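Across the two complexes that follow, subunit A remains constant while its partner is subunit B and subsequently subunit C.
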Partner chain A sequence: MLPGLETVNPDLALLTPHLIILGLALLLLAIDVIVPRWRGAPMAYLTIIGYAAALVATLLMIDTNETTFNGMFRADDFSVFVNIIVLTAGILSVLISINYMTSRAEPGSMPVPEYYTLITFSILGTMIVGAAGDLLIVFLGIEMTSLAAYTLTGFARHRTTSLEGALKYFLLGLFASAILVYGMAWTYGATGTTNLTEIATELTAFDTAGGVEASLLLAVLLVIIGLGFKVAAVPFHMWTPDAYQGAPTPVSAYMSVIPKTAGFAAMVRLLVQAMAPLRDEWTIIIAVLAVVTMFFGNIVAIAQTDVKRMLGYSSIGHTGYMLAALAAFGASSDLNDDLSVTSLLFYLLAYAFMNIGAFAVVTWLQDRGRGVDVEDFRGLASQSPYAAVIMTIFLLSLTGLPPLVGFYAKYYVILATVDADLIWLAVAIVLASAASAFVYLRLIATMYFSQAEQPAPEGSTPFLGAGLITMVAGTVLVGVFSGQVIDLAQEWVEALTVPF
Partner chain B sequence: MSDLLFLIPLLPLLAATINFVFGRRMADAQTAWLATASIAGSFALSLAAFGNQLDSDEPLTQHLYDWIPAGLFHVPLNLYVDHLTAIMLLVVTSVSLVVHIYSQGYMAGDPGFYRFFSFLPLFVFSMLMLVLADNFLVIFFGWEAVGLCSYLLIGFYFKRHSANQAAKKAFIVNRVGDFGFATGIMLIFWKFDSVVFSEVFARLELVSVDTLTIIALLLFTGAAGKSAQLPLFVWLPDAMEGPTPVSALIHAATMVTAGIYMLARMYPIVSASSDAMFVIALVGAITAFMAGSIALTQFDIKRVIAYSTVSHLGFMAFAIGVGAWVAAIFHLFTHAFFKGLLFLGSGSVIHGMHEEQDMRKMGGLRKYMPTTYWTFAIAAASNAGIIVFAGFFSKDEILVGGWLDHQYALTIIMFGAAFFSSLYIFRAVFMTFWGEERFDPEHVHPHESPRIMTVPLILLAIPAFAAGVVGLPPEDGWIHDFLEPAFHVEEHAEETASAIAIFQEGEEHAEEGHHVSTAMTITFFALSTVLAIGGLAIAYLAYVAKHPAFDPRAWAERAGPVYDLLYNKYYLDEIYERLIIHPLYWISENILWKIVDIEIIDGTVNGVAATVNYSSNQLRRVQTGFVANYALAIAIGAVIVIGIALALQSDLLG
Partner chain C sequence: MEELTATHFLLLSAALFIIGMMGVLTRRNVIVIFMSVELMINGVNVALIGFAWEQNSMVGQSFALFVIAVAAAESIVGLGIIMALQRRIDTIDVADVRQLRE
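Here is the complex of A and B:
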């Protein structure tokens, strides 16, 4: 088929999950206008059903490995896995949002219809990054995710901290996007193409010709910096604590997973797929960023008194571990038996369950009129033992204790770094995890060993409850069944033809 | 059939989960029948698996999923059924089923009823996983899980101090064994790069015999803990604090035989080291003799049977040690039935006597509880090794195996243990069911147990009497034909000369085993019978006929120090107390706590925490809150990253 014809007659079947989400977003917009009385819970049901349908469509696409739109769109096991992470995280985010929208947690009301529409668009953006086969599509997806995320951060429009966080996130985000585009432009300039596989082929030619040109190096570095902002890597993380603290709590939960997934998906598409021939150049940068990020995030988290801010810093720390997985790809000697990208994907999935879970318990308290300070968790174990146990499970999983999913996630990353002979990086992960234990155990200690000072939290939040049960199940079971999950993630690595 | 294997462990697990979560709200009968039905399902499937193995030499396997798939350390979760597993499945599920039915009567009205019926199927699940494992990690999981259930059930009456003490003792003593087992597994992974049985066995020639000896001894340490061998057997008699059906299922028929099963499963490793084999035989023989002699002097009916269990586990270990593999499993098979029945029978007695366990306060019970008496007597005859009863044939093969292995001294010790077996068990029978009534008729009204308890007794009495037929004719019976392939796999798999040399010894035994002369068979039969009948006769003269020459009190006085030694169980508990517990207390208080803990660990931890806290507080100041500062940080970061990278590229830095 001629290239031009393929653009006119794309194989739309490959886009089924994306089209379902797009249709859902448009449908939500239409409902807002046409059937205003469905604005509350019915919209949420519809959103969840839509995500679930897209998830099913995604699962049916396992083992396809095709491209369409002239190679701009890729349906491979990597895009499938990104879809699984994002849609799972999406369902969980919506589940914990429903009760929050109408609770007393935020002053004034939040505009409900736009909320679900924006989350849906943002998810679509991340799915597009996962399926991108072209620099332009990566950028399109990243921006789609980010713009929705900026707006969502400022959704508690009657609270100034929310607006402040949104503005900071927006301004700095533009700055980072500009850097990213600059890097992409250099890439195009040096290789003459925007297609990811073709870039890889071009770069192989460069590489064999000897020495790497400064222009190429600049392209890689700018891409890393631009995406480093999106995943909140130190020193490009400054927006994170303010945005996490300011955003409505379910949005913070969502933000900690989905835009981060978009950033890492873009890193894999750009650094692993397109720029693998340059990996000798970028490995050390990513590895150093990883170490700085994991220590900075976890250590600063210790001094925080606001739980959302604390989770924000801890999320920076987790970015460090994920970067370490990426660095393991760069240093790996045997790419066919390489766990690095696999462990990164598994980490993101694990993180979706345990981190949204931790934010969900904060939401649970807020729905019952409590604040988000560490002090608000005092004596929770005696007042609401189930909530305390659930929070403990998430926190222990974030620390990385077996047999919870967080342990398996770290275990696979460490295994990947050891296989790649980056022993010092593996040691750094272990030390940073030990430091992070201070953060999480402090909160557990507050819940169990302090006297309660506030009246027992009361209220009914059925959707949030359902979400919490799902996440506890995920945190406990995904680790035990990590075999299948890892196998699925590994398929892509085997399907990927690294062109050198 | 392969596709259904997963149901065998899953059904009990489901029942355990449902009973544990919802049991409080369910009626007692519901929880009990749910548990029993799940075990019945497992039993039916086990029968099917056994039937499949009857006419097939191809093991059944089912791949469930990859537990840990990463790289070298690859652990699949597979279920594996060969002839050996098939026999174990039958033993475990059939005895479990009977015990579940019996427990409905025994535990009736207990406030922890639902708890009991969630722990018991959980135990069955764990035991089945142990038996079905095809690699070391899964068998270790099952191993620890049966241990956990055992501690939970020993301490079932958690309000009783002695029950808690006994549970703790079982836990601690088993740690010693498990440490050995775990070390053995690590050594295996280190040496063979695999934890899957078949892969490890295929690579045996890679390592020296000395290494195999160390591995085999470490594995035996684990077996000694679980299967109560010297010096680790002290926990088993105390474990009788648990409810009696638990003693029957866990501490007689199944869990305690896990060590024997494990050693049999490790046949290629164990048989490769003649030194390890000798140690196992020696320990087994001494355990059998010591425990048997202790049982002679005890008065608590459950303790007599508990020491008897230890003694018979010693028989099995001895059989493993002399290379009589089939005999070991054969005895495990018959022992499960007759020893389980002895415990259930003693439970019925205790139940009928209003929780009385001291045999000095019983006597003459046979007219009050005839079913219990007759079934108990059958099991006792089997235990004593009276000819035609099941235990006779399996025990006899062990003795013959010992003789053929040229362990003459040890075999003679085993004959002594066999004599004790008969003497102590008939002593228990006569003290309990015969003679004058020594209980207080004012307060105690002995009665037969309800049908739900006596029917299981009858069900178990059948195999306790007749299970020996699988071993007929002696040394060449059906069980030999069935099990011998399991112990000769490597013969076909290994072709290298060294491997053949390693296994030659093990094969010799088997070869000779097929050619036992008729004369020898008859001699051993006659000798065993004389000893067993002798034990029975002495017990009768001493406790029923009251013949003055056999007065037990007079003998106890005459034996003096020996009697004290036996009555106090060779003072093993006291020796451990002096040699291990006291020094440990001293070390932990004066060195570990006062120096290591307070000075070193607390000091380090506090120091680290203070440093981290300080740096955390310093670093948070970077976050000023001004967007301009943030953007500047990004820009500076970018400059640093690019600058360093370019500098490295252009060789500026060397």
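Here is the complex of A and C:
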């Protein structure tokens, strides 16, 4: 009765970027044992070279759109774009970590080889979610990303707050995983398959038969709650401020982009690709979550005095805009005009540059012995004008001012929501952005209009400087060339083969 | 005698999942919270195996095996974090772990 086992000959060429990253992670572990004197900077060079190689391999795979491992692995243009986001964010995270590891910002030391290995495994997990064609692969990828993220949060193990952040992140993340996988079990139970495309086919058959079963609604709800925790949507955001404040600063930067990308990639794979026939049910839930999330995050951020905690709340606000993009799915009958996933992907890429950038400036100050309070930014403009200008660029981009990339990101999300006739959602985005301006302008005002109380920050951090220059360039250039990036992101329509 | 159906599996799974969820939401001891989550995950496994049994396919069963493996990996990371924290502040009560505040 059981189907016979078939042997598969996987097309491993489709996995090139993933295999490069896997090889890199194993190589880093091996080097730690075999050549201990390479710990430190050589390991970071190797990591960056590995990510860049995987990025090149990814760019060569544009327009491939093939599947392997019996449809479990999809090398399509959606996975290409996810790879671009995470590998870029990975390179930037490593660049801002190198000087931080050797600075005296953390009590005791952080073990360097494991740090780069864990970031690499986390990136691999996110890339796997992006390329998943099966519920099981989505689950395994998400867990791979999260497990590395919990560990990295507690990496400053001689500082209690770091461990506290890790504990809270871990407990709620585990709780969320249990809910998510229960949702997957119900999806499998209702449709009889775990393949995402086949789930969509089954659901279309149900849909034409009329009515949605309660078990399917339960599955959708559990999946949204589980992934809501992962992307830090209100009311599932409780871990976010603590984890961001407790983690070592470069880890907070990495955490704001890479696990979030994994969560959103999983949402697209599960909700858009597999559950598109149920879109009338889930888009409204996502839209409501989006509004609550964007207002809560941005308003609570106003009252924060710790910059890392403030950026944590502001990251919740940005999750709200990204959810709004997803809520616009299924608006027009022609998917080629559907900007929902396009604007979500573009937002994530834009966010990688500007948010890691803002955390990088906090790292820059910490490397020079300053704290992470808003007060520590007092008079920065008179003491180190370049750092102040760079921070201002990132903060204005996060606010959404043209011609920076943050403006284009919000512009495309608003365009998508207007196309979907969700005018109230578009209005909410504009109002929430106005509220967020208070958060970012307060920090800018502190840098420019208050008297410095501490001695001028001094020190040399070449890698961090290179990272900052890259991110400023990204924040400006991705905005200028947004047309080309959007064209690439729009390829998701062919990649996901959504039944419509 | 009543025959075993998928409903029995699902009732057991829902019971385990809800008991685990109540444990997570009401308990304060980190280890007990952790055990409650494990209970939720086992509820999921029962559901997966029940569905696989109903549909006479191996997919759900192999899914459950992967879930067990992931849960084991999670235990290691979690207990590691709890150990490290307990060495520093000598408590496993979540209410005492609250240095991070607004």
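Here is the rule we go by: the second predicted complex is superposed on the first by the 484 of 500 C-alpha atoms of A that agree within 3 Å, B and C clash if a C-alpha of one lies under 4 Å from a C-alpha of the other, contacts with A are read in each partner's own complex, and residues count from 1 in each chain.
Note that contacts are C-beta pairs under 8 Å (C-beta built on N, C-alpha and C of every residue); 3 or more make two chains touch, one makes a residue touch a chain.
Everything numeric here is computed off the predicted structure, so don't read it as measured data.
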Where does A:143 make contact in the superposed view: on subunit B (first), on subunit C (second), on both, or on neither?
second
Inquiry  = A:175 in the overlay: touching subunit B, subunit C, both, or neither? Say first, second, both or neither.
reply    = both
Contacts of A:303 with subunit B and subunit C, given as first, second, both or neither:
both
In the superposed arrangement, which partner chain does A:166 touch: subunit B (first), subunit C (second), both, or neither?
second
- Query: Which of the two partners, first being subunit B and second being subunit C, lies in contact with A:242: first, second, both, or neither?
  - Reply: both
Query: Between subunit B (first) and subunit C (second), which, if any, makes contact with A:410: first, second, both or neither?
result: neither
Exercise for review: Using the superposition on chain A described above, determine whether A:18 touches subunit B (first), subunit C (second), both, or neither.
Suggested key: neither
* Asked: Now for A:192: first (subunit B), second (subunit C), both, or neither, which partner does it touch?
  -> second
Dual-contact residues of subunit A, meaning touching subunit B and subunit C, are 167-168, 171, 175, 179, 241-242, 303-304
Subunit B residues touching subunit A in their complex are 65-71, 609, 612-613, 615-617, 619-620, 623, 625, 627, 629-631, 633-634, 636-638, 640-642, 645-646, 649-650
Listed in rising order, subunit A residues that touch subunit C in their complex are 1-3, 135-136, 139-140, 143, 147, 150-151, 154, 157, 160-161, 163-168, 170-171, 174-175, 177-179, 181-182, 184-186, 188-189, 192-194, 241-242, 245-246, 303-304, 309
Within the complex, subunit B is touched by subunit A residues 167-168, 171-172, 175-176, 179, 212, 214, 217-218, 221-222, 224-225, 229, 234-236, 238-239, 241-242, 281, 285, 289, 296, 299-304, 337, 339, 411-412, 415, 419, 435, 438, 481-484, 486-487
Given the complex, residues on subunit C that touch subunit A span 6, 10, 13, 17, 20, 24, 30, 33-34, 37, 40-41, 43-44, 47-48, 50-51, 54-60, 62-63, 66-67, 70, 73-74, 77-78, 80-82, 84-85, 88-89, 94, 97-100, 102
